[in-house]
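Next up: the structures, one after another.
Same chain, two partners: chain A is paired with chain B first, then with chain C.
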Partner chain A sequence: MPRRRVFNPLTELLAAALLVVLVLVVNTWQFSLAVLVVVVVPGVLLSGKPRQIALAIAVAAGPLLISSFLLHGLFFPEGTTVLAEWGPARVTAEGLQFAALTGLRLAVFTGVLLTAALTVSIPELVSTLTHRGWNRRLVFVVGSAVGLLPHVAERARQITRAQQARGLVVGGSLPSRVRGLLMVSVPLVTGLLIDAAERTQLLESRGFSSPGPRTSYLPDTDTAGQRTARWLMAAGVLGFGCAWYAVGAGR
Partner chain B sequence: MSSPLTLPATKAARPRTALVAVGAALIAATYLYLVLVQPAEIAEGIGGTSSLITLFGFLGGGALLVAGILPSLSTSSLVLMPLGIALNIAIGQTAGSLGLQIYLDAIGTVLVAVLAGPAAGAATGALSNAIWGLFNPLALPFAAGAALIGLLAGTAARYGMFRRVYLAPVAGLVVGAVGGLVAAPVAAFMFGAAGTVGTNALVAAFRAVGDSLLVAATKQGLTSDTLDKLVVFTLVALLAYALPRRSRAQFPFLRRYGVLAGRTGSATGR
Partner chain C sequence: MIRLECSSYAYDGGPVVLSGVDLAVEPGALVHVVGPSGSGKTTLARLLAGQTGAGSGAQFRGALTLGGDRLGFSGSPEDPRIDPAAWSSTVAYAAQRTEGQLSMMSATVAEEIAFGPANRGMPAGELRAAVQATAARLGLTDLLNRDPRRLSGGQLRRTIIAAAVVGNPRVLILDEPFQGLDAGSRAEVARTLEVLRAAGTALLICAPMLPGSAPQHSRVLALVSGRPVFDGTLAQAWTAGLERYAIGTEGSAPDVRRDPPQGCAAPVAASDVRQDSTGGPLTELAGVSFSYRREGTSGQAEVLRGVDLRVDPGDIVGLTGANGSGKSTLLQHLNGLLRASSGTVTVAGRLLGRRTATGRLAGAVGFLFQDTDQQLFERTVLREVAYGPTAAGAGREGAQERARTALAAVGLGHAAGEHPYELGFVERRLVAFASLIASEPSVWVLDEPTAGLDLRGRNRVGELLLGHAAAGGAVILATHDGAFADALCTRILELKDGRILSGGARRGADGA
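Presenting the complex of A and B:
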């Protein structure tokens, strides 16, 4: 079930980014954990597609968390309180603490940004950027790249199947793997380049490079209130950050 | 390129040098600050300050670079950029999930740089990591490094490093060493040098010898990045030479600087 959208995508992305900045400014494991429990978990549950987002977060942050604990838990030369020792590997309290701090921050970083990004509707974001008068070249590159991604993956799959039907064997020795990679990537890139050439002509014939304002066919979902809110949020985080460092320096 | 169906193209197609210069200076200053000032702090836990500086310096610098470069690009370069970005993300995601010691997430950037020049390459690198950040936020802080890779790859192509297939890996080696140096503080200060399983084994090995985190991350970067860019540059050179003449003909950069030598006159084919 898709979530009913309340805010404009720009507002949501900015809020997520500012939250990450706040976590980095405060930089204690208590605050990171609080954000994780109070913001990220409810956010994922209320997003309308909790399973997909949870999976994405696990795939992005999971391996990093595990390897962070293995790395700093076992090898932390700066640590002094040794808890256990096997040959060159030493488990130190400082190492584990360091791993916990970094790990929590990482979890918040991925959790907040992924939840925001995966619930954002890209067409709405692109139309908002057009309405706000952002550089249309940037808007084109971003929108087009996001649209092209599934297409590239699908096309690579089709080419692999076609080459396998002609007798391509995936895997085996290194030379044969390299040959397999080339047999898939050359037709893939060539096809994409030919598409790009055609798209260039289509865009040019529709006045892509001519100056002047652009019309978006999607209505503007941004409001004056949200624009003000965005400025206020950014100013608030900036003010908080300055105050935090001023207090920290005074101590 | 102006089309008879549109108004004549306006002449304001110069790169905004000031923006590019400020962006590059911001990235360089961030890097110098991190390397010269911070290593003392890392022993007692990574400060949020250095993470913040990394994030703002590298992302802000990358954004300024893109803002300066974009207005100067031709439509054919612009259309090529999403293609490079999609290739980067699709291949990089696969390599990351396979647990390789190399990333392979710069194939699209280097391809765009070779076909359309250093400016397009730099913009592709920065935007690629910014967009990848929507699916995998951990790629976000590496945007400046990716821009540098694109810039250097395009420069190498401009000065003939792709005219011989055996020169491309050499260029890759050099670019990879520079890229590894720039990426190391990001890995160390943002993520405590944790990466994929493959790169982690390397960091652990250097840490076991007693290196500090930044030094271990730098050594790991130098190892993985040189190897990675060597493979990527070779692949892109093979790809570029395998492209049909018709697709290559649409890029003025290739013709003006003779990027791929020996293939402009007689069509020998493969």
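Presenting the complex of A and C:
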């Protein structure tokens, strides 16, 4: 079940980005943990696709988290409270604390941004950007994510099948898999370039470069209230950041 | 209303590909531009669509007249530039390949149709009304909320046509709109075009063959090597002997020589072949069922239901049936691209297991996909065709020798050094065919082998099939080309709802 949409995609993405900024500015493990528990975990659970998002977070943040714990946990030059020692490696309380802080921050970043990105309605976002009069080419870059990425994946799959039918044996050893990947990339990229050349002409003939205002088939789901809220949120975070640093510098 | 005078046209530094054309399209007219592969149809269509290629170094000498405005071109950099957006509001164009025809910015068919007018700033209310009206006119209302990238071939063509005509252009130019479509989808697209024509839109349709059914007074311009060779009504064209230019009529029987073409083994009477040393079938499906999980649900969709099929040496088995009847699914079981949910598949005496790699079967079963371009991936035609034998361990010299023989068999011996993508559609299709032949499989599995071919290509494929069967091989083809199947197949099986309906009386290898 997809989640029920409450806010405009632009509002959601801005809120996610501002939350990341706040975590960076405040930079304490308590705040990061609070954001993780109060915002990220419920957000993922209520997203309608918790398994997919959890997997994406694990793939994106997992290796970094592990390497951070190994690196800072075992080798932290500033660490003084030694908990265990094996030759040159020392587990220190300070190292673990530092690793926990960076790990928490990383978990919050990936959690917030991936949840926002994977649940946002791209067509609605494109429509909002069009209604707000954003640069057409930027909108196209965002919008083509709707169509192009799944299209590329499907095409790569079909090319692999065609090549297998021609005698390519995929799987088994790593070199064989790498070779398979390279064999797919040539027709894939060639095909996409040919498509792109044709699409350029199509876009031109459909008035993509026409001057003047554009409209969108999808209704504008953005509201004056949300627009005001976005400005207020951005101004609030900016003000809070400045105040936070000013107080920090004065201490 | 629109007129093209082309004294010569050449792509960047290349030879002249179109010359001596003077074509005017009047309101409400229906014009067929026919010609074999490489005859200049696409160039003509693009010129009428206002794509003079000035920015990419092409040289166009002639004139384009739209309404009362005549634009002269002398092949110089000072030539006028055409604003594609303004031109397309009067003259719409739907190109041959569908892949590049979607904006890729739309999640639904409705948004895709709305893309052009929205770019021109049509107010939201009018925009919705225009999309609804166009969809209703072309029978697309039920598809408006569908994802345009997940449509069948016919639905996709109609969506592209709808997106082109939503602004009510007066002329619609279509480059091979029926290519690769089955009979049902063809009929859908043909109905769509008929609706547009009835409403007064002039249509210009490019195709490799003359239409088998169309208004007899519609106009035909036949091109060969970039020059017009016939200009008259369709009724005249049917009897004008255009076959001498390799321009046939859709639905006509292929003209095949019964002796195998050069490069294939000597003919053997099919009846002798069946009593070969082992007496076993080349491939056999026994009680094969196949289902897959429906996207987003836990339900299963059953595509094949207990199919039995035995293919012996000398057989040419035709599979017919509507879209979605399971033809492609059945074919893909023969080389292991799909694995049966139940039942068994035997290839060359070996039972196909779950772990038999598809790539290892390429020497026994050759597969020709419907979409040629996804099969070609090498730098030269020779390397492309030699890929299969090389993968099978034939050694460089041996593989190239087999590749040259296969290229000669499809009539492309001269193209060995070229890049596959620089060839025309029919040649690319034949390159894919040659790469299948070069692996020397005993069973040929062909998905729509004649789709989009011109007369010469279709005849050539027919001869190759006969030669292969006569030499002791077997062919299984899914096709909508009824005349082709009738002329060549030893058996024709009809698939419906995943079952073989008719047993297909065995006929002589000569199709009698």
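What to note about this one:
One rule holds in what follows: the second predicted complex is superposed on the first by the 234 of 251 C-alpha atoms of A that agree within 3 Å, B and C clash if a C-alpha of one lies under 4 Å from a C-alpha of the other, contacts with A are read in each partner's own complex, and residues count from 1 in each chain.
We adopt the following convention: contacts are C-beta pairs under 8 Å (C-beta built on N, C-alpha and C of every residue); 3 or more make two chains touch, one makes a residue touch a chain.
The structure presented is a predicted model; accordingly, all values stated were derived computationally and were not measured.
When the two complexes are overlaid on their common chain A, residue A:Ser210 makes contact with chain B and with chain C alike. In the superposed pair of complexes, A:Arg199 makes contact with chain B and with chain C alike. Of the two partner chains, chain B and chain C are each touched by A:Phe140. In the overlay built on the shared chain, the residue A:Leu148 is in contact with chain B and with chain C.
Judged by the touch definition given at the top, the superposed model places A:Val189 against chain B, while chain C stays out of reach.
When the two structures are aligned on the shared chain, A:Pro123 is found in touch with chain C, with no touch to chain B. In the superposition on chain A, A:Gly167 makes contact with chain C only, not with chain B. In the superposition on chain A, contact is made by A:Ile159 with chain C only, not with chain B.
Shared-chain residue A:Arg51: touches no atom of chain B or chain C.
When the two complexes are overlaid, the chain among chain B and chain C that reaches more residues of chain A is B.
Judged by the document's definition of touching, chain A residues 140, 144, 146-148, 151, 186, 190, 194-197, 199, 203-205, 207-210 lie at the interface with chain B and also at the interface with chain C.
Contacts from chain C toward chain A in the complex involve residues 49-51, 84-85, 87-88, 93, 95, 97, 99-108, 110-111, 114-124, 127-128, 131, 148-149, 163, 335, 337, 357-360, 362-363, 366-367, 369, 371, 373-378, 387-388, 391-392, 421, 435-436, 439.
If you check the complex, the residues on chain B that touch chain A are 1-3, 5-7, 9-10, 43, 45-49, 51-52, 55, 66-67, 70-71, 73, 75-76, 78-83, 85-87, 89-90, 97, 111, 127-128, 131, 133-138, 140, 191-197, 200, 203-204, 207-208, 210-212, 235, 238-239, 242-244, 246-247, 250. Residue ranges of chain A in contact with chain B, taken from their complex: 21, 23-27, 56, 59-61, 63-65, 67-68, 70-72, 74-78, 88-89, 97-99, 101-102, 105-106, 109-110, 113-114, 117, 120, 135, 137-138, 140-142, 144-149, 151-153, 156, 181-182, 185-186, 189-190, 192-197, 199-200, 203-205, 207-211, 245. If you check the complex, the residues on chain A that touch chain C are 122-123, 126, 130, 139-140, 143-144, 146-148, 150-151, 154-155, 158-159, 161-171, 183-184, 186-187, 190-191, 194-199, 201-210, 212-219.
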